[in-house]
Amino acid sequence: MSVVVEYTSILDFIGFNSYSLMDNQYYPFLDEYNLPYAISYGLWKIIGGTIAWLINLIFPGNPVSEWLMGDGASTLFALIIFMLIIFIVVFVCTLISLWMERKCLGRMMDRRGTMIGMKGFLQCVADGLKTFMKENTIPGKVDRMTYMWTVSLVIGVSVLVACMIPLSGRWFVVNYDTGLLIVMAFFALAPFFILVSGWAQNNKYSLVGGMRAAQLMISYEVPMLIMIATTALLAGSFNIGDIVYAQNDNVWYFIPQIVGFITFFFCATAESERLPFDIAEAEAELVEGWQTEYAGMKWGLIMLADYFRGYVACAMVTIMYLGGWTLPIIGDGPIPEIVFLLKTWFVFFLMILVRAALARVRPDQILNIGWKVFMPLSVVNLAIVLLLKVGGVF
Amino acid sequence: MTIKYLDKYPKNLAKSLWVLKPQWTVLKLFAKTVVHRPVTVLYPYEKEWVPENYRGRPGLIFDKCVGCGMCARMCPTACIKLVDAEDDNGKTVKRPQVNLGRCAMCGYCAEYCPVDAMTVTPEYELAEFTRFDLIYGPRRLNYEGTTEGMKVKLEVTLPSDIENGNPERRVSLFDLDRPELIDSKCIGCKKCAKVCPVNAIEMVEKGVNEKTGKPILRPVIDNGKCICCSNCVDDCPKDALEIKEVL
Amino acid sequence: MDTEAVYQKPSEEEVKTLLTEKFPFIEVTGTEPRRVYAKLPKENVLEVCKYIQHNLTFEHCSTVIGVDYVDHMTVVYHLSNYWNGLMIELSADLPLDDLHVESVSGVWEGANWHERETWELFGIVFDNHPRLERLLTPKTYEFFPFRKSYKLRGSE
Amino acid sequence: MTDSIVPVKEIEEKMETDKMWIIMGPQHPFSHGLWTLKIKVDGEIVVDADPIVGYLHRGWEKETENRTYPKIIPMADRLCYAASMTYTHLYCMTVEKALGIDIPEKAKYIRIVADEVCRINSHLMWLAAVGTDLGNLTVFLWAMREREYFLDLNVKLCGARMTTNYPRIGGVRNDLTELFERDVIRTVDRFEKALWDIIALMDDSSIIVSRMKGISYISREQCANIGMTGPAMRGCGVDFDIRRDDPYDNYDKVDFEVPVLTAGDSYARYMIRIEEMFQSCDIIRQAVQKIQALGKNAPYRIKTPTKVPAGTHFMRMEDPRGESLMYLVSDGTDKPYRLKVRSPIFTNVSTSKVMCQGCRIADVPAILAQIDMCLGETDR
């Protein structure tokens, strides 16, 4: 390769025609095609190729250009771009669901919702900017380290789990065999940090809010896990892709598991701390619950994290019961990602409807609902699925 | 009359499927507002219709005002003050000035104005940058489109009329009440004649003081001109005048 | 009339006769439809109130009002019967050097805050009141703002 | 062996869990206005409550002593922004009683219409507050939307939305404006339909009903004794409404029902208010018919003397929130010697300890929403 030439075309470096994604020896997804990675790999080929070409113009034949175009460096930088793409897509989807909530909730309440720019979408951006510009106040007597760390972890875990949701068979971060379990595990982590954060803030409202988050978690987590196990049992796998394609092969799982679908929907609402079950931040009695002492940027990010979790909850419902990114007859289709997102937003619309129509439950009522309603329902659901499975329908 | 709601509720919630009926109600309104527009009035761009008698800031018809100070006397927040102003002929006259920072928009100035010079106006966007700007002088109080409905009429019926079986006769509060002189108290100082805004009081000579030889002056009130503003009563140093109320 | 019996719906005349028979010191100053006005010495307030509450079934104490008449003060009780809408107005004069009257908050719990308010605004002390503290005004006040001796500042 | 088993209650006593004071207010989403409720909690259970009011104390009663009688009418408006008409009405009635005059029939019926519009107004505001306190914002906005139509009626009637300054000593400020009768009937008809929608949102939702049913029980005797009045009292089984049992103005000439429930819980207080709104609609319809029967030129305001003869007088009336009473001491001048207002909420809020004991923290807003808090008249 170390051929000294006077002038090299940029096309040689970009290598647009010649690169092959899967042939790269460091290709991280084994033998599966990954669309966002392919996009980022192509992007790096263009960006890195240009940089390598520029360096090569100044220092002809240098090893840096060569390294930049090599397999290892390409994979490294492509992965960085890949992460950015995944995050931006999830971020935009979340903002859209936030916008959708504001508009739909407004119409349900006979008002207009946000109206600034692009039918109100830019209001999210304006709100974000506003919270970022606020002063970063930390109350005097809080446990500073725990105070900062817990909120970072709540936000971090929420973003992480949102990024780990696959949008289609070709749009994923990791394709574990236990994908469903891992997503649910990360999803269930946040209440722990909320609990600790409630202790750290030196505020009675936060303390009660944190305790309530724990109380909320023990009431919905068990039936939720039973229902995940039921779905996995029906599909015969914990792999998200397998579950989706199993539904495509037979029937969408909300038909055999209609009980489970409704129960899981409400559990997911509770998991994302949305209105009927937002007892941890019940603003009528606890000001803002565990978020009381967080101000400015931290509060804005917590709010955003809430919507990330709402998005994840809807995505889980879509994956487990609504056939994920597949459509009947068509199957995958040309753009399964859009199909998936549309389904997710439909579930989110149902959540908005529930929020508009219902009131907040009491902490002792959520325990009752969790253990006396959701739990038996999920077991009934499991029994139905077992019967179907034993009867050989699936 | 009949009980309407307590007959039907509380009802068996299982029949309304626990939480489904409210969701259906909300969804119905959602469908309606997606097709039609929501009930919101987009305030700065479109405004609600206000009736003629809407009580916004007070307005003043400069030429009609006689400067009697009835508005200042009746104002519950004491935001009206009489100030000197030049009328069209260059004469200095007393006219009301309103501090809108204190105005409660109660409409008393318009209601009690004996000559209907003070009005209510439908103007309610009154924000200013400084407090000084909120003080409306007599000329600034003028409102362009003053209509008849903005002049609040104070129509009352006399209780004696109702007793006489003639209840429909409505009179203004100020038509019948007149100041009355208690002759023994009067010292003839002419103060009442000076403060009278409509020059209804004339000082008439009623003989000569025997000791000093000076003429004895007594106010005579022209009932046709008097508007019953009770300025003379208030300013009388010896309380020799008092309003005689006709009931 | 039997002064010890319990009357659920006493009429104005019945109230008048019962009160004057049972307590000779009560002076009934007037009656109107559904209203009885009475005056009594301040020492007997609690006794009379207990009688009215129990035997005449006046279950509700609307207000306890203090009035400062400069030379003396007056406490006015408005008591209301829920069965026929009858109201009794009891007023007791207090001399300025002895502003003490027995609390009726043991008879009607609802009088509790009214008595607190009257104390803090007029300085009329209600003996045996469970908690005679400042309610509407700041705890640091050492004067009684609604007395006539307290002049308002201002231009008027 | 049975001796060694320690009863659970004893263990709990031995554990000696700390009780915690939580101070709610004065800036708190549940306190609609500036007041504080200190609650002492044992875990989630409230064991003690102590309301603190007085942040808005303006010395209203003292201020009136320096004003002439007509100037107090706009001040009476400001006692309570949601029920301004009733307080002005009450003040005018008290002065009229002191003057010993009888006002024209038409004014009485107009006052009834204005009062009932105001009652619906106030109840809708309460309904909105209940919605937010229970966590449902939709009820808040729907109720506020309906309230807006009634505020428009106020504008139509007298030119102002909330602080109406409409009743006068001896009548009302102005005659009914053109087409007001038509508008008020239309609004009431429309409102009755819309209220069923809100009821579907509240009463058909098992969550909202379970949040209110069975909590904060007060018996009839206790309710009468602690001085609770108004719809809250009727929810506890006291069959008493001043409009019916001690009628003022012309309430004895209109026909309406007084809803009474014996359940004594938070839900009963809610239901009483909803039914009262329907009854108010009925009263408005009847009163408008009576006004039309009286004719257009009937007198609506009579002339009154400026000076009130000396004496003490009191009047009471059924405010939207309970029994309000004014006690007037006049000394023969044109200013009152003393004017005392009995505000229903002042007594109702003092019962919050009785209402809150034994419930949970989450119930506190739902219970105290039933008081229908308004601080302007509480602190005066």
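Going by the order they are written in, the chains are A, B, C and D; count residues from 1 in each one.
One rule holds in what follows: a residue touches a chain if its C-beta (ideal position, glycine included) is under 8 Å from a C-beta of that chain, and two chains touch if they have at least 3 such contacts.
Predicted model, so just to flag it, every value in this text is computed and none were measured.
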Labels of chains that are neighbours to chain B and to chain C: D
Comparison of A-B and A-D (more C-beta pairs in contact): A-D
Chain whose mean Cα position lies farthest from chain A: C
Most centrally placed chain - per-chain CA mean versus overall CA mean: D
Chain A and chain D, separation of their C-alpha mean positions in angstrom: 48
Rounded Å distance, chain A centre to chain B centre (Cα mean): 64
Distance between the centres, which are taken as Cα means, of chain D and chain C, whole angstrom: 24
Computed distance of Cα centres, chain D from chain B, in Å: 29
Multi-partner residues of chain B (at least 2 other chains): 19, 22, 25-26, 29, 39
Sites on chain A at which at least two other chains make contact: 108, 110-111, 356-358
Set of chain D residues in contact with two or more other chains: 138, 145, 201, 205, 207
Graph class of chain-chain contacts, one of line, ring, star, complete, other: other
Listing of all chain pairs that touch each other, if any do: A-B, A-D, B-D, C-D
Parts of chain A lying in touch with chain D, wherever the complex brings them together: 105, 108-111, 204-205, 208, 275-276, 278-279, 282-287, 356-365
Residues of chain B touching chain A in the complex: 19, 22-23, 25-27, 29-30, 33-34, 38-40, 42
Chain B-touching residues of chain A, taken from the complex the two chains share: 104, 106-108, 110-112, 353-354, 356-358
Touching residues on chain D, where the partner in the complex is chain B: 67, 70-72, 74-75, 77, 101, 104, 138, 145, 152, 155-156, 158-160, 163, 165, 170-171, 173-175, 177, 192, 197, 199-207, 209, 213, 255-257, 259, 261, 267, 271, 274-275, 278-279, 282, 297-306
Chain C-facing residues of chain D, complex: 53-54, 57, 59, 61-63, 66, 221, 224-229, 238-240, 242, 245-246, 312, 314, 316, 323, 325, 327, 329, 337-338, 340, 342, 346-347, 350-351, 379-380
